[in-house]
Amino acid sequence: MTPERVLALLQQVAEGSLTPAEVLEQLALPPIEELPFATIDHHRALRQGYPEVIFAAGKTKEQVVAIAERIAARGSGVLITRAGDAVREAIGERFPAAELHAVARTAYLPPDEPPPVGRGSILIVTAGTSDIPVAEEAAVTARALGNTVERLTDVGVAGIHRLLAQSEALGRASVVIVVAGMEGALPSVVGGLVRRPVIAVPTSVGYGASLNGLAALLAMLNSCAPGVSVVNIDNGYGAAHQASQINHLVAKIR
Amino acid sequence: MTPERVLALLQQVAEGSLTPAEVLEQLALPPIEELPFATIDHHRALRQGYPEVIFAAGKTKEQVVAIAERIAARGSGVLITRAGDAVREAIGERFPAAELHAVARTAYLPPDEPPPVGRGSILIVTAGTSDIPVAEEAAVTARALGNTVERLTDVGVAGIHRLLAQSEALGRASVVIVVAGMEGALPSVVGGLVRRPVIAVPTSVGYGASLNGLAALLAMLNSCAPGVSVVNIDNGYGAAHQASQINHLVAKIR
Amino acid sequence: MTPERVLALLQQVAEGSLTPAEVLEQLALPPIEELPFATIDHHRALRQGYPEVIFAAGKTKEQVVAIAERIAARGSGVLITRAGDAVREAIGERFPAAELHAVARTAYLPPDEPPPVGRGSILIVTAGTSDIPVAEEAAVTARALGNTVERLTDVGVAGIHRLLAQSEALGRASVVIVVAGMEGALPSVVGGLVRRPVIAVPTSVGYGASLNGLAALLAMLNSCAPGVSVVNIDNGYGAAHQASQINHLVAKIR
Amino acid sequence: MTPERVLALLQQVAEGSLTPAEVLEQLALPPIEELPFATIDHHRALRQGYPEVIFAAGKTKEQVVAIAERIAARGSGVLITRAGDAVREAIGERFPAAELHAVARTAYLPPDEPPPVGRGSILIVTAGTSDIPVAEEAAVTARALGNTVERLTDVGVAGIHRLLAQSEALGRASVVIVVAGMEGALPSVVGGLVRRPVIAVPTSVGYGASLNGLAALLAMLNSCAPGVSVVNIDNGYGAAHQASQINHLVAKIR
Amino acid sequence: MTPERVLALLQQVAEGSLTPAEVLEQLALPPIEELPFATIDHHRALRQGYPEVIFAAGKTKEQVVAIAERIAARGSGVLITRAGDAVREAIGERFPAAELHAVARTAYLPPDEPPPVGRGSILIVTAGTSDIPVAEEAAVTARALGNTVERLTDVGVAGIHRLLAQSEALGRASVVIVVAGMEGALPSVVGGLVRRPVIAVPTSVGYGASLNGLAALLAMLNSCAPGVSVVNIDNGYGAAHQASQINHLVAKIR
Amino acid sequence: MTPERVLALLQQVAEGSLTPAEVLEQLALPPIEELPFATIDHHRALRQGYPEVIFAAGKTKEQVVAIAERIAARGSGVLITRAGDAVREAIGERFPAAELHAVARTAYLPPDEPPPVGRGSILIVTAGTSDIPVAEEAAVTARALGNTVERLTDVGVAGIHRLLAQSEALGRASVVIVVAGMEGALPSVVGGLVRRPVIAVPTSVGYGASLNGLAALLAMLNSCAPGVSVVNIDNGYGAAHQASQINHLVAKIR
Amino acid sequence: MTPERVLALLQQVAEGSLTPAEVLEQLALPPIEELPFATIDHHRALRQGYPEVIFAAGKTKEQVVAIAERIAARGSGVLITRAGDAVREAIGERFPAAELHAVARTAYLPPDEPPPVGRGSILIVTAGTSDIPVAEEAAVTARALGNTVERLTDVGVAGIHRLLAQSEALGRASVVIVVAGMEGALPSVVGGLVRRPVIAVPTSVGYGASLNGLAALLAMLNSCAPGVSVVNIDNGYGAAHQASQINHLVAKIR
Amino acid sequence: MTPERVLALLQQVAEGSLTPAEVLEQLALPPIEELPFATIDHHRALRQGYPEVIFAAGKTKEQVVAIAERIAARGSGVLITRAGDAVREAIGERFPAAELHAVARTAYLPPDEPPPVGRGSILIVTAGTSDIPVAEEAAVTARALGNTVERLTDVGVAGIHRLLAQSEALGRASVVIVVAGMEGALPSVVGGLVRRPVIAVPTSVGYGASLNGLAALLAMLNSCAPGVSVVNIDNGYGAAHQASQINHLVAKIR
């Protein structure tokens, strides 16, 4: 249960559309719920602003659906990442309102109350066409967490003028996610052009010595441009989550 | 030359304390300055809000002093990291006003105009006593870039209640830097307790299989808590730079 | 042939239900038995308290069944790990009394004499739902070796209060097995909360830079909490075996 | 403050040699003590049976002495590992009663109340002469934590009969620590000979491809003998700590 | 064309069963034969005593058959390693006399003249059942190159008495090949028991941290027993080739 | 649009076969073209002499065809590497004139104007039959970029005389590409025999410790022969591209 | 003896300043010269155009001087790389005409005949001040081998406009050497801007996860820009040697 | 005590120069001798033909001398490897007859009875001058174990004709040790030229990506030439030990 959801419930009491007893029932739900195979942390939404996100890799579709049901039952939004075909199909059958995304391998069920939207925007930059699935995971996540998303696609450093032509978009963002495989050079270049934080996402795209993304990961960690931090290989979700925290910081502390 | 410096110059023209010609002379200085061994990017301060920071490792003390002189000549602040004893001594002799820090291995010469201060604060959390030098590099950097800094020291996960006792400090920060060696578990725990971005800094502290910090680095990249991104091993400077960007985002976009 | 089995035979002689000659025949069986593809160490049960456990990976189902037959012929229990579908099916057909476990990928045929049960209990803690198969391999093994097993599931460090809420269970165990992938931080936290030995099992669960469990393995080896030792990636069996040795130590030395 | 210390204080009240008020003063000391560079976890002794052990690597001698003073002030024993010459000298000057050990690189100040002694014994086996410093760190630790220690030295697998000749010593121990560098094969052989838990300690001894102990570490993690778990490279302390937990388990649950 | 084959041809001239011209025709065949995809080194047999062995991995079955035809045309024996099902089937159809071995993944066509047989014998020792395919590749190769082969199977170090019981076989061999996965400890133990050269073959058998055989490889390279050298992971062929060179050295220099 | 194409257009204007307006229309096409999933850099042909080459791995066949259409529309040649069966089939259907190469996994559509041909020749040397696919990728690329290609196949260092017999071919080339897996020794030997630049391509051919080509890569980087540089594992395209740049340097600077 | 030296000798015969017998004596010197610790390959100069270069690391100063004497005795130039202080001093004493370079750690004794100079020029680009020693090794080598050298210093990607401002210098070179540490991104950007071959040299400059240059090496091998090849870490010599081969190709084949 | 020593004693009894009682006294010495820091395996000489060799790294000079005294007391030869300056000096003082070798870092005290000499010879080939220390360790060891040693120095693959000129020496050896750093290519070339076993020793000589000898080690393990096996990096001793076993095999089985 997110702070927004609590606020909405209280508003309905104030308006008389819900009785105090009805709201109490919802507020009294236990913060931790135990399934045979999972311990769901419903308190996370209140503590961190977003409910638990389901990482579907290594879980059966039955497990994913069961966890999703428990989260949805609280009126929270449900985001599922690394959702393969079978998981997406199962979620789609159980939750017809879910938004399924094959490229990003995500499923998303919006919450009862829409999340607050950050004031700035998150710019997602990709080095090449093959990096798009990771960028899409980031985009779906960022929007689910209440952010405006912009994109620059296929502007890798081998044709640096493609990037330089986009200085306006680069300047507009409050935080930039840069997704790149191979040599992972793009975040360093972007980091030298903007004054906003850059979150770098290495991807597992490349020939043999890319070592499934380790080469890009190491490059990004060694960025000579300041203001670049890094998340795990192919972890579009993680980058978007932190980008959203930063973007909401703008709206909330104010 | 930072935006603040430009603003101050123009203010002085408006007040009549400087003539337009005097200001023009300063504004007309070339954005790039070439030494035999360096190409100084004076434009960075305007483009990114902070002047170039000097990474002293691999440079002679003469090179460091020469670069510092060129940056100081523009009225910008000069921050030098990885400054060993010889470099700090040379800087101290040339710039008596410089602040030298042996633990952090930094030297800092404040700019003519103090930098604007972010509204929030940066919290620097360290897992153990041996991580302090890296944390100090972050603290010196963060203050130089115009931030309020708080600290939690030696609150590693082996005694988790030391951290849990500090929930108020954790909740107060707008961004958290977590510095840890060995197994690098602390950022995951902190990431699960706060709703603000966490920047993790692995340190090269530990026994053999810490692989000089690689173990902590990998752990942090694999954090199961959302909202954690990572910088290079022992890179306190890099973490503080991005934390400052985030903290200033609060003040500036508003 | 386990010590328990020898004791039972001698008891039957004392009671007159077996003749000395009948028992002699069994005791005279050779301690090593050679198949074309295996040298079975029947003496292990007497030497170490447990018979050889069959690691099925890399063996044909015919080989596994043949080895199982020789061990079962001595009245010993047969435990098979890494038993894929084909192996489990073949064992199930040959030994209808075998207990087959798809999640744990094990097959287990109880011995003629039940193993002695340790006085304490083994607690198996998992960080996430995806770690369950490894935890189940540990649980099946621990029970087969004569132990009481308890479980805490999905209590990873991103929601540390899920673990702290279980202090009673943590305090009750005589030895704790902690199963975790990704950053492998959970054993450090548990190690700081309990005074009993913690055996950490890294799992191959995670995004790219988990390096198939190496990140968690390294983290666990670098645990800042004392009292944590580590077994191979995904090696639930190995952890349970040592945990059982520890738990039986309680019962036996006494 | 260890449970033994609390018991002794209460005993003195019962005997009238201390007033309740005098004891209260000691019991009321705060469980966490903050120095500028450390957060001391005095509660660990009550929670885990042993006070914090000081890992001196990366700390200044002044920091080590200051932390030691705070722990000693509570009447707890102080164990310092990785104590180089300067640290040992400083501790020796400040605490004349401290036991200094150059080979093990430890300093040890016994507590006011001697720790309870486990019923069984810990056997420390080393593969070669070069492994002795790590074995000594383990021996000093084990004795400090209240254990009887036995030793087998230089019984590596290249002369396997040296080990086999010691079956009695192997059978007598309640837990075995095996210290080995190079190929790290000894724990596997020992693990196949005993029914007690084996804790393997890889050392950084060896030619180039030992990779500073990584080769031995990997070998030990892959032990084909059951009942072997592993701690970090050269981590004699860690092995002894867990061995002590196991050995005390025997005495305490009983 | 092997030295034996040349000798046999000349013998036939001496006996009058072949004319000098007929033999000349064979001796005049070019030492290098070029196919579009291979440059066959027929001279190798004369230079090194054995013809080229075909490593089938990465070659099409058509390529393998074509190369085999050219070698067979010279009367040399043809040994094919890493021959998958398709390659073995194709060779079997083209050369009905070929010996196909599914476990070893080899195909072998004996030469017109049998190779000379070394005086001593090669002992192939395997640690576990899962190592048998690699051991079989070695056995097939060793016999093809003219050696007597003996075997000890499944005598890994977890049950060291299985090996010690075989001291006679160990003492009889002129060279020992030891095949082991997991921790790769067996060659060290064997190396300490025999006075003959030991060639160690690591296998890719094991749990996660075996790193597909790297752990065993490193262990073997670090063997504390003298007289152990190592070949590539799973390279039964390479070990047998060198063992044969050693074994023939006995016969030939004499 | 390549320089050659521009020249041809202008020639047609001079000859009256095209009107200035018709040519203007072509020259006025934008240098960057944006698709939803790609930002095509048409300017690359003018800037670097060759149009963008499409790396098909990680792209859908629809994406590859769409990008190819845009490049072909400008009259440029289209080269597609890492083109699997599905991609080659799709390209073949859409562009009947395309040359498809199954071994090299390439598809190539010649430009409207043939590229200028370099004066010298590129020699492609392979160590073994299994390296041919990578060598073919290099050969297709080199020819597409306007070069004469020669080949030496299967001349690895185990039969060094196969290479030494080809000194004439080695001396004739203006640049040599050496393709080798396993120990990657061939470039060092070739580098010591020729006075022209050698570009080494490691391949992922080999047993376990080849680490998918890393062993060959490292060997080539450590070549004791001067004049050897290295490209990524299996990157025949990259080697050929640089070789072509070198070969055209001969023709063009002149 | 270089081809130029031979030509000069013959010229002197033609001019009568040397007798045929005097020249014969020089031409008759053996192509290989054996010292107790070295086998000098005098033929290399004729075969490859340059004499052997002495890599001083791991050699005593006496060995270096002795080898240098033998090469100088043939009238060839002597280039010594990785020459530490002691070696440079010893060479300076023995050969007063030698050029010693402390930053590049080289010593150079020009040949009797100056080498022919390539027509184009080699551009050496460095990312940062700390990369200068490696760049200087390349510069000294390139000049010794007869090339015109240009430089761009400290133009790393964090301030990309520093590089873009130098398009003329980039366009002028016939081959570009790019020296960079940290993330090694600069060769990719340069590779996308020029049509000439780029030789990338990773340096061991950087924080912890640069892994002593491995991060930069991997990045460069994965360059998304075509036309980039790579040499060993810190190997300025190797890059310059190949660059010289390319540059001379221009002059010679013409 | 070696077999030769036993033979000599018995011979003296037969000749009457020793009484049976005197010999008995010597034969009755215990096979294992325990020092506080070592367990000396005197039986090794009888079991393996050579006494224990002392690896001095990680041992104090006092420990080395003490172990040497016990071995010498039995009349066995004493070989000490990795003997630094202090150890060699201490041995030289205690045993004036010891042969000290600074380059090889060895000390050697001949046995009372000279070892039998193998019939063939061991050829030690080095790639470069920097590899000589490792080659010398091998040479000292080989001679101490009773072998004739030949050498080829500095015949690396960059000047392959230096090696090819030595075909006679290559053909004469019964076993070849090849010592090489950098790319480690030499064993593959030698392995293709000889019909005798090749033992490859990688050295830690090279630039950055040699990874302290790992590159050469991997290359040698992947040798495409048959008959090559590998020992640890810089392990000249290990190579010579196995070479001696092979060379003595010739003499003994005969």
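Each chain gets a letter, A, B, C, D, E, F, G and H, in the order it is written, and its residues are counted from 1.
Everything that follows uses one rule, which is that a residue touches a chain if its C-beta (ideal position, glycine included) is under 8 Å from a C-beta of that chain, and two chains touch if they have at least 3 such contacts.
If you're wondering where the values come from, they're calculated on a predicted model, not measured in any experiment.
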item	value
Each chain counted as touching chain G and chain H at once	F
Which of A-G and A-F has more C-beta contact pairs	A-G
Where chain C and chain E are represented by their mean Cα positions, the distance between them in whole Å	39
Chain centre separation (chain B, chain C; CA means) in Å	50
Between chain H and chain A, distance of the C-alpha-averaged centres to the nearest whole Å	61
Centre-to-centre distance between chain G and chain D (centres being mean Cα positions), rounded to whole Å	55
Chain D: positions in contact with at least two other chains	44, 128, 158-159, 192-193, 206-207, 209-210, 214, 217, 221-223, 226, 232
Every chain pair in contact, whichever chains are involved	A-B, A-C, A-F, A-G, B-C, B-D, B-G, C-D, C-E, D-E, D-H, E-F, E-H, F-G, F-H, G-H
Complex contact set, residues of chain D against chain E	127-128, 156-160, 164, 181-185, 188-189, 191-193, 206-207, 209-211, 214-216, 218-226
In the complex with chain D, residue positions of chain B that touch it	128-130, 132, 153-155, 158-159, 161-162, 165, 205-210
Residue ranges of chain E touching chain H (in the complex, touch as defined)	44, 47-50, 53, 119-120, 174-175, 192-199, 217, 221-223, 226-232, 237-239, 241-242, 245-246, 249-250, 253-254
Residue numbers on chain H that touch chain D, as the complex places them	32, 34, 36-41, 43-44, 55, 57-59, 63, 67, 202, 204, 212-214, 217, 232-235
